[in-house]
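Letters are used for the chains, namely A, B, C and D, taken in the order the chains are written, and counting of residues starts over at 1 for each.
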């Protein structure tokens, strides 16, 4: 019910704004006995951190996480874990031009209309900085998963930048960490580098598609109707800043298939059912099949661009706006670790939910 | 937290299976004083009812709703409204071939793996019959909305069937009720009739895309981070049977846009901000802008087809399966009123949430 | 969040009014594979049923439960269980005098002030008939508990009627089913019979105290801060109609104790810690100790009495009121199975919650 | 669902332990535009602060609150408010004797049994220090209430210490701030001073009863069945450390009343209904009547005493224990501001809930 929370049993509430003293995640319901320290969480924040190459904003934020509660002698205690990230640079700079004008494509206008408050300093609560808190919570979720499903692996990568998609026949997960775009197609990475350089130099921005897969998910996670695994994944991904679409398995393209093409045929393998294809994205009826869980989401281009746009001021007067400053030409790049974090939180939550309602596995085939 | 519930303040819990005595929706949190009777709900159930033309399953289910509680002398009392639909035909027929075999692309295997129960009679809880309960709840939501936002209008329609999309320049909402596909493009309706007839005769099935719009939504609905309007809409639509993708505004295509193209420019109109375009689908930062709220979702083809597929039995033996019987060649048709119902429930819920936290509108522009 | 729901994982939503077509409980999150049929639930409803002796209202309501969903071939499926009880006598009788007057001590005035609806036919949603739905849900909870904690036993009984308390040295749980008051003190039963007969004949009513104990509860159930076992028990009992006080262990009398007297000393037994006393009522820091969980609650006298009281009408005019008809001289009697049901629901919920977050027992002593 | 959260719309999640770096409250759902600064919250923390006189623990904790988010230019923004209190003294001191022994009447044994973690440094999450976070959240709630119900006033006071109760005929709310026990009976204060001095010197401890009233609560707050105002208050108070009983209005004594005595007669006053008495404690059917809302709760004596008690160690060996150090002879004193804070949070939550579901007042009498 809490507006800023997600999850059923593993429940994450994020708090904080881009220009306040700090932001963070209050994580409730984490199993006890999970071995964790700040460095294990920091590695994921570092992946999301800005300023690592010319393709992300040049702001310098160390995004250093502190564990304030819920961990004792290197283990979670089962009580709330508070993960705090202090905002190192919260000076009130000169916002000048932007102060009273709404930015087309930005949430400043709707936040003002809803709350009657104009936080002109930056995105405030709507800033993508909020996602740092999710990445921290996701880092904890990853460690907690290890003790329940040790073979489970979560991997995110970019599959499209602007008009340029990857060639799926060239996917090599080992490539992901070898290019600044977290893409598994090395050739695409080369193309995108040129393309994005042009976008950046022209002061423009561009959207992207990110795919996140979870391998080794046991069959049986998820439950009808609003506890479906795909329902929760859709909500988790759509809640990320700038996301406009979410797909499971074949996604929107499922509309074009016939029943024959869509049916993932089943045979019996040594460890249970084996599927001939994965149009379903690892989820049938909201419940995991044991195949890879496959989620994709589209991130729109950031609204901060160097081209003049028509807008209005708080008092309703017509105006023109141009957003100077250091911004991400493709915010989708930094959305990769965020998508991974949301996947980790959702999967852990469903591992706990399943164990709570069902206990041990019940329906063994074969 | 309830697995079979959705909504924050207007909270709907659906219950029931395809072959039990009844199914329904327990609706909690409805405002008091809403004028309602069974016929006002029945009209929407009739829209979803099977057997209305050759393009939907020929099963005959009257789907008659009964109000069991929460309404007194034609008005809601503010206490839970129980909407029950009795299953008129729940005889145990001969399931023969299907009884022990899992159907590729169907949830019977994951339900068995999760719960250890094999309800061989039909889809059980995973059956699309469950959506009748949502449509009933949506009918109540529509009436409740009228007393809060009288000009709000919700409309669903089909924009794609298999490989055939509509021509957006031909959209005419008045056409929706004039063809069996609820499509606003009369030419598409003609094409689809031929196409689907072929699908039906060959015992195949096909997917579809449905779009639902809400017009007249006041600015300011939705809240960070898991109470975002688009987060809740994504979850609501993804929770519908067979849905594999959800889009807001430009959806997945937002990935291909530049920042300039994506920015919906703003000017001042007589009643507040006016936008030059609606790439955002009426939602920025999770909060409604006052523009049309636009949601799309893809429905996969039904798994019930006349072509033989490879599968396994409960005991893990290889088998072939073919699903005889009366099925929908394009279940997407009947998903239109379901999508509308989910939109109605989500919008009403957010009208109440906004009123609860904020009270009156606060941030007036101009 | 749902106003008419309780429980975290085992989640019960009750619905229905005293004079509508039916009432019931929608139970979500029940484990699959629980063996259940209507008779196993009916036995508890029969215990609560009115008209069984001269000390309860002479209304005749069979209170027959029907399982509408969630059970297949005698086992729960893991999906929502709908338990419906039809109201057999819902005729609009002549309410005459009561129709426009508020009853002192009754919820009719606050319901009207909140909802603006005057359901003059009876208590409507505030009627104690609602508790039948809880008893039904509790019957299911009892069966589900058996598969998880087979030795767990829940017992309710009356410890006080009006000014007359039991003698705790005479408690004999075998006596409970041998008197119309469900009291474990046979001598008290004799005294109360005379006392209550006088109350009944004079058209008066009287309050009572009910105690519910759960034996065999494993140590470790409950969690901080709002998931404490005693927090949930307090809410569960206070939510029962007419309850004005809830106690755990020594309850209000704990205020009079010194630290020495209150400390339940610990020694080591063959199966774990053993306590020298149970002032704590089986709960420390919100978590069960393994001792008997002991809850008590006070039920106020019913407001339906034959003595004239001053009141006002809906239009604010002064009036006198007297409530004729068949009412319970001591509603506390019928609250015994209701208290047991709430205990069963809360304990089951916490068994599931604990299993979800923690899995197996972790902190073994000795 | 979150274990460490409470509230529906105004939702408070507390986090932190007695010996970690910090503790606090994450407050979600606060209305925007509430004027607030740290000093307005600090005043309530100061009331709860230890070491103010010889009757509370001599530990020195400044309990200084910091607002980390959700407030901009002196007003709440409508997004989560993070209230953090740093633990100034978190050194690992010599716990010696206590390290491996469980304390009778303390939660250390159940925490260990549940979580398998032994935080020997102090109470950990079960420490009463957690209530500082609630007091901070309550301070914010009080300010938010002012903008919705300006005349609403919340007052807590002690009505019993050990065996010594107040004389209700001597209640004078102006006395509350004039004695170290927050009692409205000046004579009782004098008696208690002597009594508690004896308890303190003997190294013992004693329980207490606290009463909290809310004046000026509008009629209509609360809703069936698990959203009842008294249900939420019972849970709120029972969730406070060491509380063993909760009463509304006449509380447990309601059991002794007849229907005539219990009926609060109604007449019409200039501003609506007026009641001749308040046995109901301002709540009928879970909904406020407009009278004073009256809640009482009993606090058991602290388990930290200088008398030797029998116990066991983590490995199950018999042991004796004595708790040295600086402890509260009557923790009930410091529970007064905690009870007030919980009342403030619950009332605000219900003000928002009512506004959400109902909007304006509906059922006007007269």
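To be clear about the criterion, a residue touches a chain if its C-beta (ideal position, glycine included) is under 8 Å from a C-beta of that chain, and two chains touch if they have at least 3 such contacts.
Values in this document were obtained by computation on a predicted structure and should not be read as measured data.
Of all chains, A has its CA centroid at the greatest distance from the CA centroid of chain C.
By number of C-beta pairs in contact, A-D leads when A-D and B-D are compared. For this pair, chain B with chain D, the centres built from the Cα atoms lie 45 Å apart. Our note on geometry: chain C versus chain D, Cα centroid distance of 26 Å, whole angstroms.
We define each chain's centre as the mean of its Cα atoms; on that basis chain A and chain D are separated by 38 Å. The set of chain B residues touching two or more other chains comprises 1-5, 8-9, 14, 29, 32-33, 78-79, 114-117, 125, 223-224, 353, 357-358, 362. Residues 1-5, 8-9, 11, 13-17, 20-24, 26, 28-29, 32-33, 66, 68-70, 72, 75, 77-82, 84, 114-117, 119, 124-125 of chain B touch chain C in their complex.
Contact residues on chain A toward chain C in their complex (touch as defined above): 1, 9, 29-33, 78-79, 148, 223-224, 352-353, 355-359, 362. Interface residues of chain A facing chain B in the complex, by the touch rule stated above, are 1-6, 8, 14, 102, 104-107, 109-118, 125-126, 130, 160-163, 199, 204-209, 219-228, 230-235, 237-239, 241, 244-268, 273, 276, 279-281, 283-290, 296, 298-305, 307, 309-312, 314-318, 332, 353-354, 357-358, 361-363, 365-366.
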